[in-house]
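Chain lettering (A, B and C) follows the sequence in which the chains are written, and residue indices restart at 1 in each chain.
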Amino acid sequence: MSGDSFAEQVRLVEALLFASATPLDEESLLSRLPEGAALPAVLGELQDHYRSRGVNLVKIAGGWTLRTAPDLGPRLKLETSVVRKLSRAAVETLAIVAYHQPVTRGEIEEIRGVALSKGTLDTLMEAGWVVPKGRRQTPGRPATWVTTDRFLGHFGLAGLTDLPGVEELKAAGLIGPRSDVTLSESSLQPDLPGFAAPAEEPEEPYEP
Amino acid sequence: MSGDSFAEQVRLVEALLFASATPLDEESLLSRLPEGAALPAVLGELQDHYRSRGVNLVKIAGGWTLRTAPDLGPRLKLETSVVRKLSRAAVETLAIVAYHQPVTRGEIEEIRGVALSKGTLDTLMEAGWVVPKGRRQTPGRPATWVTTDRFLGHFGLAGLTDLPGVEELKAAGLIGPRSDVTLSESSLQPDLPGFAAPAEEPEEPYEP
Amino acid sequence: MKPMADEQFEMEGVRAPAAELVVDLAGYEGPIDVLLKLAREQKVDLIHISILELADQYLKFVAEAHRLRLELAADYLVMAAWLAYLKSRLLLPDPQPEDEPTGEELAANLTYQLQRLEAMQQAGVRVMARPQLDRDTFARGMPEGLVMVSRIVYDVSLYDLLRAYGEGRSRNEGAVLHIEAAELYSMDEALERLTRILGHVPEWRSLASFLPTGLANGLVGRSAIAATFAASLELARSGRLQLRQDSAFGPIWLRSLPEPS
């Protein structure tokens, strides 16, 4: 098996990617290749090969997979396609979870400056894009929300660092904890909208 | 749309064949191509292209589909070893078979004082350590169990006579009165192991 | 895309007759969102936004909503009140105690909130603009699958085996010995049988002829002999019959005695 030529390795990886129902990470690919195989070169070769074709090699949720070229989307219209229209609130909430995760419901409401209506997180959870994961160790121990691999897969993202503009937003201090004073500390106006946590909707009990 | 170049038609058919959940017949393909598209030429081009690759374009039951190259089939399988602990009941049953073979299921239960749960002998048989061999010439003609050469191999035994005898086990302290049970206790507690009537053991989760 | 109405915001969009300000509440996602939209109308970078001007515009927006008799959610009114307060803090010299944020700090924080919301709104748009699975891009429709064959290797040593056997043996050595009740012909049964027959036996007859018929020769048969013999001894002792044996190992004879009168 160690006698595999580079071309044979390319064929094998190509077949593996075609046959797998899910993205394959490099470890899984390496475990099926001969010792010392040049996986990065093989993947590079395949990526180049498929770049101009009807199917492309992409990295998604930490693994490699083949996907039809995005420009052909409208021409494919397979029966399986169900396009989900998201409300504006849902899109914003999804972005906040994606860029600020793990994030509590209260934090989402603080950023948006408005209470989250009941269905919003449900819709995102139903789509399989966000899930509750763990609790914040603050009073009330609120559940925190994160995005899923399915979210990455749906939007063709290799990982969270692949989110559009994530580096710039970090550099601008618009993502991540903020150390300076927040307005809610103002003793004069402790209950300002958006500054204090908005009136909490009755939270359903959540069991992880 | 009629302006599609030949290369564009190839890309589109490639994407369609890749994404479709069933083989596509020429009629379905033509319905997605511009009027007057040269489908045979497109399919011929794709078939040539994929001939030497890890995936081939093949015609199955009147439809076209992409399939991993047949010669790579065995390479798509992966054998892995999973190390697992053997349940206590299974170890004890194995030991009883080793010392008392040929032994029936009923005799094993009598020696252990509890009924044998369903999976125990199956697990040992799957591991290749015990096999049924012959039947006891008593009512019901129960199967009798013996250990295999593989059993000897796993435990590094040249033969069954290598197993230490009961006296040697006693001398080694492996058999002896249990210090944690006194006679008075046992008369008070009728449900100590070995005193109670045989009851079905809780079935351990057993995966084939 | 039609925005989802927030629960405290279920009114339809209403347009002001005048061109000066358009109030379309159904399109807003809360007061900060309104502020952000107003800020964009200033057409400057959010960092250089004039909070004073923004406050004025927002107050005008709220006033307009009032004029149109739109019922504004409490959030919007609280924001209006807070902006009026902020305005006064920005316009007047700051006589605040040191642990209170200054008007400029409050304004800077509001700017930050606007920037952060705008960043998230744009990020949402950019994420949604990416090629989406099953809309723009498709995965393999007929994956053949990768076969994973797992071989189970059990982690058990000879020592484990011997110890398990030893434990099993030790457990059973301390066990109570159960003696199974054997099926035997009892002395009570023999006594009852002999008593029934007595009185009809004036002549000597062998003990064997008193045995119940149909008994196997095995253990039960032997127990019947023993039990019947023991029963005959008992009846002889109470004077109801006589026993006689002519020689060692010879047959045992018995006959009944008349009832003592």
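Keep in mind that, in the parts below, a contact is a pair of C-beta atoms (placed from the backbone, for glycine too) under 8 Å apart; a residue touches a chain by one contact, two chains touch by 3 or more.
Given the structure is predicted, the values throughout are model-derived calculations rather than measurements.
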{"item": "Pair of chains joined by the greatest number of C-beta pairs in contact", "value": "A-C"}
{"item": "Farthest chain relative to chain B (centres taken as mean CA coordinates)", "value": "A"}
{"item": "Inter-chain centre distance, chain A versus chain B - centres from mean C-alpha coordinates, in Å", "value": "35"}
{"item": "Centre-of-Cα separation between chain C and chain A, whole angstrom", "value": "30"}
{"item": "Residues of chain A touching at least two other chains", "value": "16, 18-19, 66, 68-69, 76, 78, 80"}
{"item": "Where chain C touches two or more other chains, by residue", "value": "138-141, 144, 146"}
{"item": "Chain C-touching residues of chain B, taken from the complex the two chains share", "value": "15, 18-22, 65, 67-68, 76-86, 88, 91-92, 94-96, 98-99, 111-113, 126-127, 155-157, 163-164, 166, 169, 172, 174-178, 181, 186, 193-195"}
{"item": "Touch list for chain C against partner chain A, complex", "value": "1-4, 6-8, 29-33, 75, 78-79, 82, 85, 99-101, 105-106, 109-110, 112-113, 115-117, 119-128, 130-141, 143-146"}
{"item": "Chain B partner contacts - residues on chain A that touch it in the complex", "value": "10-16, 18-19, 31-32, 52-55, 66, 68-69, 72, 75-76, 78, 80"}
{"item": "Chain B contact footprint on chain C (complex, rising order)", "value": "138-142, 144, 146-158, 160-176"}
